[in-house]
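Chain lettering (A, B and C) follows the sequence in which the chains are written, and residue indices restart at 1 in each chain.
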Amino acid sequence: MARMVTTRNKVISTAAAWLVGFLIFFPILWMVLASFKTELEAFAIPPSFLFFHWTTENYVTVQERSDYLHHALNSIIIAGGSTLIAMLIAIPAAWSMAFSPTKRTKDVLLWMLSTKMMPPVGVLVPIYLIYRTFGLLDTRSGLIFILCLGNLPIVIWMLFTYFKEIPKDILEAARMDGATIGRELIYVLTPMAVPGLASTLLLNLILAWNEAFWTLNLSTLEAAPLTVFIASYSSPEGLFWAKLSAASTLAIAPILVLGWFSQRQLVRGLTFGAVK
Amino acid sequence: MATQQTQLLARTLLTPAVALLFIWMIVPLALTIYFATLHYNLLDPGSESFVGLENFRYFLTDPAFLASLQNTLVLVGSVLAITIILGVPLALLLDQQVVGLSIVRLMVIAPFFVMPTVSALVWKNLLMHPVSGLFAWIAHLFGLPAIDWFNDAPLFSVILIVSWQWLPFATLILLTALQSLDEEQKEAAEMDGASAISTFIYITLPHLARPITVVILIETIFLLTVFAEIFVTTGGGPGLQTTNIAFLIYSQALIQYDVGSASAGGLVAVVLANIVAFFLVRIVGRNLEA
Amino acid sequence: MGQITLQGVQKSFGPVHIIKGADLEITDGSFVVFVGPSGCGKTTLLRLIAGLEDVTGGAILIDGRNVVDVPPAKRGLSMVFQSYALYPHMSVRGNIAFGLKMAGVAKDEINRKVEAAAATLNLTPYLERKPRELSGGQRQRVAIGRAIVREPKAFLFDEPLSNLDAALRVQMRLEVTRLQKQLGTTAIYVTHDQVEAMTMADKIVVLNGGKIEQYGSPLELYEKPNNLFVAGFIGSPKMNFVTGELARQQGATTIGVRPEHLKVERDGQGGWQGTVAVAEHLGSDTFLYVDAAALGMLTARYVGELDLHPGDRVSLIPDPARIHRFDDSGKSIHA
């Protein structure tokens, strides 16, 4: 990387990169700005960019409307619950395939991957009917279950690729050192796998938080997470742009932060290890 | 290669995941196939009867199917083209020496983390609104008439929103691939007297061929079933102008409650996705061996 | 005590037989090296003894007790891996202590033993560091420290020096040998490097294609190889082999002469005639690669400097007492 870069080139590429970055980021920025405006200013023409009456009133209003907190809580429970359960099922499976592979391991992995490629609309009808029959429509447990299954292949895949990178020698060394399987897991494997576990957890929280097919189709009110809550603003009569912006900002802020932390691991998770 | 004891344990640990995924795959799919052969409408309970392939004939000959198939293909094709054509130069740009690169990277990646319903609403209301949207104001500044995006160019508007969401994905993957390109290869090309453009054509672009394929396949799988953006912005309209296959199946199942026809449509979607998945699985599988 | 006996040990992975019946007697306190080309089964044999693989057939006795059903940790052996296999998240102290901790040894005793091991290996200043902060040689020492601290019945080494550079390898070779003699613990050491085998071992096991070709002291293997394979594998540069009429005159199918047992005469008569193709002048030795027409390429070693250059005619005279004879199955013929 000891490449000579002229100052002029560096200035040009820096300016271009910042300009493009700003353009791509602009819709989010514009939304955040709108969330600090009054409702009138939010859809005033000409728009005001920075010189408006900054107010946090929208956030207060959104917080005070108990239904926002209710849906936010749903999002946390559904995304968190489905991710945790998926991890619990996936860790032993990935561990087993990474450290005790057989001739069929590759086929099993590819088959798991192929279940992720089944379009959800393909099975919308039976899932909807099954859920209706068992009273799972608009319940948190129903959404947790379906999001958990939907993301399970990705969780297993990511964990598998991380576990695969832990040298087998080290586990054998632990075995020679007299560690039982349980202690091997606690003292050796887990500490070494923590970075991988963390980024898998993060990516799947993001995916589950943003999931907008099953949540829109299987929940309406009681169990509805933020995706559904925000979608309810789409009806044209409720032109509460500033409040919508505030609610949206709150809905995406935590995930944006998590996403920024996990961006390096993201590629691996999203391409199933096909791009490194 | 381990002892029998650990192998037995390994099989035991793998079983729950395999069993769950197997049920998850087989039960709904079997039910979909079963429903697809029935006349079955939720508004008309008790009238279920076996109709063979009638639902497929109905679904496939329905003008709405052809329209939505066309919309699906246009949507997928356009978003793929936009994200790749913009993604490659963008990735190349971010691979340069840029002051504050980490911040620029964050800004570029951000749209991917925004939940689909939020991005759809932000674009619909704050940017593309024909009266109060920012685009209308910009058009006004240049003395142009404001565009009523979702009436005059509804599919294009959806394509724009979806492209904005997926451009970061393409860029991020291409950038990762670029960073794994051996610097010495480029230096060797330079020693061989290759210009920047020939280096790009003969070294960089071939190196990007595989990640581009991966981007195309993965995006296709997700883009075939774009739903929330249409649900929030246009509801499939006006008319059928933004109805894709996913939305058509949704409306037949949960608006018209025609279970049989929706199931037949669902199977069509599964077949379409499988054609793409076939190639993706082969690429990933080859990578698994390397 | 660390007496290890293998009785008809076999290992197959599916239809592939990796170890085809190994019998071996390793006496307490000896340093035994398994050597052979890659794929000969030497690492597998070591892992069978360690218990990291199950045997397909046969028995492994440690101090007279059959351990084939005993898990690795209970066999009382410790192992140094090729990759060192240090626990990256633990300090040097944590790495060395791990085995003792697993065995439930009291804290202050662990500390005492770890510090003693560290002192032996000159690791005391690095006890609180993480493996990634150490050099290759230091990591190697930590791996050895982890092995000795448990006072095992035997050490198992799996090509432990192959990741080090040449100079460090020679130095660690000495250190490992000295440490083993000092502790008097049985050691089994796997390598593909016959120089390592010759310099370190009390006894060498030469493996080829899953079979033990010969078991003996380094000099026994050098002086009296059982067969063509051992003759060719042990010794550097390799033994010269000659077939045909010359061999038949000696009552053999193949005869072999080591490069150091060929006397070189410039423009000489008698012996085997040839032309120097390449001459390597090391100062202490001169290696000649001689094109001897029908006999093929022969290698000769001369101690000291010999002023010969490519194209020079030489005759090579084998030492008659040092000619090895092999029958048509490759076995040695002893007079």
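Everything that follows uses one rule, which is that a contact is a pair of C-beta atoms (placed from the backbone, for glycine too) under 8 Å apart; a residue touches a chain by one contact, two chains touch by 3 or more.
If you're wondering where the values come from, they're calculated on a predicted model, not measured in any experiment.
Which two chains have the greatest number of C-beta pairs in contact?
Max contact pairs: A-B.
Indicate, using Cα centroids, the chain positioned nearest the centre of all protein chains shown.
Of the chains present, the most centrally placed is A.
Could you work out how far the Cα centre of chain A sits from that of chain B, in whole Å?
16
How big is the gap, in whole Å, between where the Cα atoms of chain A centre and where those of chain C centre?
From the centre of chain A to the centre of chain C is 53 Å.
Roughly how many whole angstrom separate the Cα centroids of chain B and chain C?
57
Do you know which chain A residues sit against two or more other chains?
None at all.
What parts of chain C, by residue number, touch at least two of the other chains?
Chain C, residues with two or more chain partners: 52, 71.
In chain B, what residues contact two or more other chains?
Residue numbers touching two or more other chains: 2.
In their shared complex, at which residues does chain C touch chain A?
Its residues touching chain A are 50, 52, 71-74, 77-79, 81-89, 98-99, 102-103, 146, 150.
In the complex of these two chains, what residues of chain A are touching chain B?
1, 3, 5, 9-10, 13-14, 16-18, 20-22, 24-25, 27-28, 30-31, 34, 42-47, 89-90, 92-93, 95-97, 99-100, 102, 106, 108-115, 117-130, 149, 152-153, 156, 181, 206, 209-210, 212-213, 216-217, 226-228, 230-231, 233-234, 239, 241, 244-245, 248, 251-252, 255-256, 258-260, 263, 266-267, 270-276
Which bits of chain B are touching chain A when the two form their complex?
Checking each residue of chain B against chain A gives 2, 6-7, 9-11, 13-14, 16-18, 20-21, 24-25, 27-29, 31-32, 35, 90, 93-94, 96-101, 103-127, 129, 131-132, 134, 136-137, 140, 164, 167-169, 172-173, 176-177, 180, 183, 210-211, 214, 218, 221, 224-225, 227-228, 231-233, 245-246, 249-250, 253-254, 259, 262-263, 265-267, 269-270, 272-274, 276-277, 280-281, 283-285, 287-289.
Can you name the residues of chain A that touch chain C in the complex?
So the residues of chain A touching chain C come out as 167, 169-170, 172-180, 183, 187-188, 191-192.
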